[in-house]
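Per-chain residue numbering starts at 1, and chain names A, B, C, D, E, F, G, H, I and J are given in the order in which the chains are listed.
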Amino acid sequence: MITNFINQEIADFSVNAYHNGDVTSVTKKDTLGKWGVYFFYPADFSFVCPTELGDLADHYIDFQKANTEIYSVSEDSEFVHKAWAEATDTIAKIKYPMLADPAGKLARFFNVLDEEAGLAFRAVFIVNPEGQIQSYTINNMGIGRNAEEILRTLEAAQFVSEHGDRVCPANWHPGEDAITPSLDLVGKL
Amino acid sequence: MITNFINQEIADFSVNAYHNGDVTSVTKKDTLGKWGVYFFYPADFSFVCPTELGDLADHYIDFQKANTEIYSVSEDSEFVHKAWAEATDTIAKIKYPMLADPAGKLARFFNVLDEEAGLAFRAVFIVNPEGQIQSYTINNMGIGRNAEEILRTLEAAQFVSEHGDRVCPANWHPGEDAITPSLDLVGKL
Amino acid sequence: MITNFINQEIADFSVNAYHNGDVTSVTKKDTLGKWGVYFFYPADFSFVCPTELGDLADHYIDFQKANTEIYSVSEDSEFVHKAWAEATDTIAKIKYPMLADPAGKLARFFNVLDEEAGLAFRAVFIVNPEGQIQSYTINNMGIGRNAEEILRTLEAAQFVSEHGDRVCPANWHPGEDAITPSLDLVGKL
Amino acid sequence: MITNFINQEIADFSVNAYHNGDVTSVTKKDTLGKWGVYFFYPADFSFVCPTELGDLADHYIDFQKANTEIYSVSEDSEFVHKAWAEATDTIAKIKYPMLADPAGKLARFFNVLDEEAGLAFRAVFIVNPEGQIQSYTINNMGIGRNAEEILRTLEAAQFVSEHGDRVCPANWHPGEDAITPSLDLVGKL
Amino acid sequence: MITNFINQEIADFSVNAYHNGDVTSVTKKDTLGKWGVYFFYPADFSFVCPTELGDLADHYIDFQKANTEIYSVSEDSEFVHKAWAEATDTIAKIKYPMLADPAGKLARFFNVLDEEAGLAFRAVFIVNPEGQIQSYTINNMGIGRNAEEILRTLEAAQFVSEHGDRVCPANWHPGEDAITPSLDLVGKL
Amino acid sequence: MITNFINQEIADFSVNAYHNGDVTSVTKKDTLGKWGVYFFYPADFSFVCPTELGDLADHYIDFQKANTEIYSVSEDSEFVHKAWAEATDTIAKIKYPMLADPAGKLARFFNVLDEEAGLAFRAVFIVNPEGQIQSYTINNMGIGRNAEEILRTLEAAQFVSEHGDRVCPANWHPGEDAITPSLDLVGKL
Amino acid sequence: MITNFINQEIADFSVNAYHNGDVTSVTKKDTLGKWGVYFFYPADFSFVCPTELGDLADHYIDFQKANTEIYSVSEDSEFVHKAWAEATDTIAKIKYPMLADPAGKLARFFNVLDEEAGLAFRAVFIVNPEGQIQSYTINNMGIGRNAEEILRTLEAAQFVSEHGDRVCPANWHPGEDAITPSLDLVGKL
Amino acid sequence: MITNFINQEIADFSVNAYHNGDVTSVTKKDTLGKWGVYFFYPADFSFVCPTELGDLADHYIDFQKANTEIYSVSEDSEFVHKAWAEATDTIAKIKYPMLADPAGKLARFFNVLDEEAGLAFRAVFIVNPEGQIQSYTINNMGIGRNAEEILRTLEAAQFVSEHGDRVCPANWHPGEDAITPSLDLVGKL
Amino acid sequence: MITNFINQEIADFSVNAYHNGDVTSVTKKDTLGKWGVYFFYPADFSFVCPTELGDLADHYIDFQKANTEIYSVSEDSEFVHKAWAEATDTIAKIKYPMLADPAGKLARFFNVLDEEAGLAFRAVFIVNPEGQIQSYTINNMGIGRNAEEILRTLEAAQFVSEHGDRVCPANWHPGEDAITPSLDLVGKL
Amino acid sequence: MITNFINQEIADFSVNAYHNGDVTSVTKKDTLGKWGVYFFYPADFSFVCPTELGDLADHYIDFQKANTEIYSVSEDSEFVHKAWAEATDTIAKIKYPMLADPAGKLARFFNVLDEEAGLAFRAVFIVNPEGQIQSYTINNMGIGRNAEEILRTLEAAQFVSEHGDRVCPANWHPGEDAITPSLDLVGKL
């Protein structure tokens, strides 16, 4: 039986990244202790992805407030990330680390590699500070994502992480009323 | 290598459903020819799920306009769905078929069954008229979903289905400008 | 060679139960030290089962006198048991624990799960205080059981448990004469 | 997974039998077309079994009215059945065929052979005219059976066979009111 | 390669026996220390075997003088042995233990079980005080044996056991001249 | 499960033989159509075997009258058989074929080869005209056989072959009364 | 036994390429009929490779005269090749197709993929018009190649292809004397 | 997956060699501590190879200056190497050890043995002082090699060995300018 | 079980040979129709073998008269055989084909290859015109052979081939009296 | 790969032997410390072998001088050896032990058993004092051997054993000049 990824701990990894003009390395160990959003996209210098990466860049401050790092990931090298950032304004404004996965290690662990094309599907994984996956979405190639919905789901996951999994209504946002669980509510909602 | 679900065709199935006060059966064949949204939730008569199902019920007309049927799925029997609808207002207003999956056939195919608990994770699958999965999200137990985001992703998938996968920006909604793909745009966005 | 269940010890288990208005858990360990009757039925809120459960509820005092607990089991959740008890008089009068087996653990151990339907066959198992099965009956879906016969068999099993297995005539009831075994009786009865 | 016997078709067999003073053979084919009750017991000339066989002999006319043949089975030879009938009044009155299973073929198929002792457990199988098992009970060595309960279960099985499996209340006897199934009864009984 | 039984040690066993009006148990350990003759026959109450058992009973005193126990064995139970002895004069005069082998343990070890019929072939095994087979004969179902020849072979085996295996002429009886082995006799007899 | 040899058909074989002063070959095909007695002994020129072979030679006319050929078999070559016959009076009088089995083919089929010593055990097999074994005796090395008992068993086997296996008392000789089988005799002998 | 690549036929492949400002596809079939030079390098936009690619570009006319196509290969996408050509003069002057192998198909077939890094070793394969490898060189990451030596080896391979493999001295260049093979030369050179 | 030889350590070996008029042995251990060039050729006394070996002999002093030993290898014995050197001027001038590999140990390790012909392909392996392969070329039978290119590649490998693998341009020779690696150069060369 | 080579047919082979100053090929097919002597020796140019090859060369005319070809075999190439013949008088006088077996095909079939040394043991095989081995001798490395004994054995093999295998005394030479086989001679010689 | 017997150590064995009128046993251990010649022949009392055994008997004194024991071996028993020696003058004069191998142990180890016939091929093995085979010859059934050649080969083996394997010319006899090995002789003989 294939088990799904929920609550599965991410694998050890060590990849190069382009981050704030420099080449660094990022390992699993570096990512623990805060929430993580792994944001896969097919290819640098492709003409349809940058808007998604820019949408995330525009909300980056909200993720940071939520004690969360964003990791964009494609199968391109760190040299290509750098060249792209130098060539394109949308990419130039990115402040989060852009992971380079030419060997497909991350894409294979998260099971989002199109082996035939050598490209990653558009996918997003929300990982808690212990490295366990709490939510994930995988879209076919052209279907873009929404930074606000990622943020909402992240905050719901953080809420459940604190209050347990018998509490959280649909489309909940922080600040809305939380339902207090009680056996007496069975069949009443 | 575990392959992910994107573009995989759903399995044959035949389950009972509670639909508009009646017990009917729903098979894979019944679902082909229009888009489908499979919406899994853990349990009937549980006090935290109904709000999600109600959120979907409130947007049902928009899904219907988009040539899409919604299928809610839990591991309860059709008898329990009926009893729940009779006991609870939120459920009573549901017009889409509520599939009964006590044998776990659907939950196992979609890989969302928590075998230890006998309950389904909160997951949503968007399936095209040929029965191929185009997008899916799986959340840990307590993390609710958002009917509007499901609708937005469905519409993006439908747009890609018509126009190819090299077109669709992030957070796109129908009516917004679509980017015309061209090699000259490489590195310009 | 498949061995049958007689004298086999039941497996470890831990399930939720609805019992006297509350949700509790029941484990194998909880059941040892007294006789147990495991009473499987297909589904809550189904219109043909309640009379069997009520028949057992009406004889519950006799089982208690015989140092025996009854455990009804279906593949429904504890939330559904609660809702059923609240909705139906026959169920409301039940005093024994109603086990919730949505993951099929008990039904698979006792080999009474119809995997195709996700429902349990109508079956009853009599288990001694050491957890060893002494008698069992499995009926096809619609064939109901008889609380008095279960009680009679239980008492015969208890009598054999005390006096050995070379004593008990057919259709024996407590208080009737017990036959004293003797080699001289061979061929004389 | 061990599957249980419900609806399983019995195996081909051919055994000798002692029947009305003669030695005959009985095969699976001979048994089809009417209901069958296979009644296993440990040993001829043993001092505790004859009462069960006599109890059945006393109700034989009722089983015949229900278009049903009884087959008693032990691991003794047909010569021993004959000698037993000649030596014992209880056995002498038996009119149904007494099957001889010294090779253990029937006992192994029905999974009731105690391989260590070479004896059959006390078990009863109710088989429909197509040769499919509809109900069975297996008791530990000393626990006797009840001809009236076997008859009641047989009649319930026959009723279900005609009217479907969504009808039959507990402890039902022919002539009592049958419940007419209807979805409206869900949660009302 | 299948090895034959000569010099093979018999397996551990424990069976019930009918002996001098009583039911006892006989184990391998009980049989060591004296010579043993295991005499298999197909079935009690069968009309052709008793003469063989009576022939052995008539020579029993000679076997006893030769420090040898006889064990008759069939696949019937001890209850049947008892009933047979009570019903038949030939059997009533038997003083040696009649082993009950309904589980086929002895017949399978000695490889004389007709699995299709559940009966033993007519076979005789001569076993030395260490439990090792020294001679055996297996006949098809109807071919009777000869107590005098068994006795003669037993005495030859005992003679060889004392004097080595290079001594004993054909059809030798105790008291006849024994040939003294010598290399000079090679080619002279 | 090791099956015994009763009713097993002998294997194809082709061996040399010393017969009436000549070397010939004997094949399975040559042996069909009449009864056969295969008489194994350890070694030519050994000082203890000749008396057995002479005993058989003295009764050869009786076997011939019973439509039976005798085949003596050892692991020596045909040259050695010839030399032995020339050197020894007892062997010189033999009229039946002496098979040469230096390759162990016959001894291995009949499972009487002591692989460690390269010699055959003393064994005798009675084979019907269809080549099926009906009786066999295997003795440890020094235990001689008795031509008269072989003849008696052969005649019993022939009698059973004609009249069926439910007839023949122990130690029966041709000309003695045969018991007519009848169910009424069960338990009467 | 691992066989080496000499004379092995290349696998079927189909990859995208950047060629003269356009994205095209190149398949094995496209490459047959002329000689091919497959030139692997680690990464686009890396600062040490361009000189090798430029060296080849400068000799491209000589390869074309020799009926040979050059295929540079890296694990980058065609979008990155295009961006690189637009960003760098050395690359801009390349006229041969630059194959995009992000899925690693070519690098795995030619066994030059560093799976840990996701990059190709520096390797060159000379393939004849039938698609069979005639010469190959694989260097560790930093060790550059020499376009003139590749050209010399190609011409030697072409000469051997026409004249057989018993002719070609070391460091031979077209136009130099070819040695006429003759047995008389054995041991004379 | 077949891994290529780059960075693989050579196997242990011990072979005879003809060296300066003597027969010696050469082991892996003898070769460590300096660079090694293993130069395989098909056969002694063949009329096309000597020019390659002579070309290497003429450059031997340059390899020695570069702290490098040359090992020529064929599948001939040391006796044949000696005879060839005595018979041929070109071979007589060789100062490096000529390894004798009649058992094919070296050719199999380096995967250059044509098993059908029993001859080695023309191949050259450059091995660092730790015994790890840094570069290799394998040519089909008739395609000769170039001592100067081997020397150039060796020197590049030595340069990389000292300065790392992100530095060395194509066709580099010692003394030419080395490029200093810097991230700023990305996309600028 | 390893079977020996007697009467085994030699494998197909095709090898080069040096024969009368030329390089030719020899296949199994070429060798059929006359007797063959395969004469293996360790190595050309080795200082201890030539005397054996010369001894055979001196008797070559006798082998030819006996319709027999000699094939000397070593693991050296045909080029080496030629060089050896040109360098050494003993080899120069050889008229039979000298097979070249550098790939070890013949030595492996005849099981005379010392895999560690890559050399053949000293062995001789006599093969009949049907290609079946009739006699063979294998000696440790230094133990030479004797052309006259090979010739004598060959002639004995040819005699047996004509007259059958029950005739030929030790050390027989053609022209000596042949013993006429007769059963009467058994034990008389 | 099947390895040949050269230098292989003989297996442990223990067989009976006829030696100087007595039956003794011979084990591997008995044979160590001196050279051994194992001389296999097909059968005692066969009319063609005795001349070979007599030829060996006539040279026995020479083998003894060379510190060598002869062991003749056939598949006959020691009784047959004795009878043969008594019946035949040629055999009577044998002084070396005649091993009895009826179980085929020696013939199977030396791989000279014709399993179909149960006879040994004519074979001779020369074994050194450490039990290692140094030379062997195997002939088809009728091809006799030559005691003088066996002696010559034995002496050559002993000479090599003392002086190494690079010395011994063909057809060498003790007392002839031994060639002193020297590299300078390569190509000179």
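FYI, contacts are C-beta pairs under 8 Å (C-beta built on N, C-alpha and C of every residue); 3 or more make two chains touch, one makes a residue touch a chain.
Here the structure is a predicted model, which is why all the values come from computation and not from measurement.
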Check your understanding: Is the contact between chain G and chain H built from the same residue numbers on each copy (over half shared) or from different ones (under half shared)?
Key -> same
Practice item. Could you find the chain whose CA centre sits the greatest distance from that of chain H? Key: D
Study note, to complete from the structure: Averaging C-alpha coordinates per chain, one finds the centres of chain B and chain F separated by a number of Å equal to 82
Check your understanding: Any idea how many Å lie between the Cα centroids of chain C and chain D?
Key -> 22
Check your understanding: Rounded to the nearest whole Å, what is the centre-to-centre distance of chain D and chain E, using the mean of the C-alpha atoms as each centre?
Key -> 40
Exercise for review: Would you mind pulling out the distance in Å between where the CA atoms of chain C average out and where those of chain I do?
Suggested key: 87
Exercise for review: Mark out which residues of chain D touch at least two other chains, giving numbers and ranges.
Suggested key: 45-46, 79, 82-84, 87, 115, 183, 186-187
Exercise for review: Within their complex, state which residues of chain J touch chain F.
Suggested key: 43-46, 75-77, 79-80, 82-84, 87, 101-105, 115-119
Check your understanding: Can you list the residues on chain G that touch chain H in the complex?
Key -> 1-7, 45-48, 50-52, 54-55, 84, 87-88, 90, 108, 111-112, 115, 121, 134-149, 152-153, 156-157, 160, 164-172, 179, 181-183, 185-189
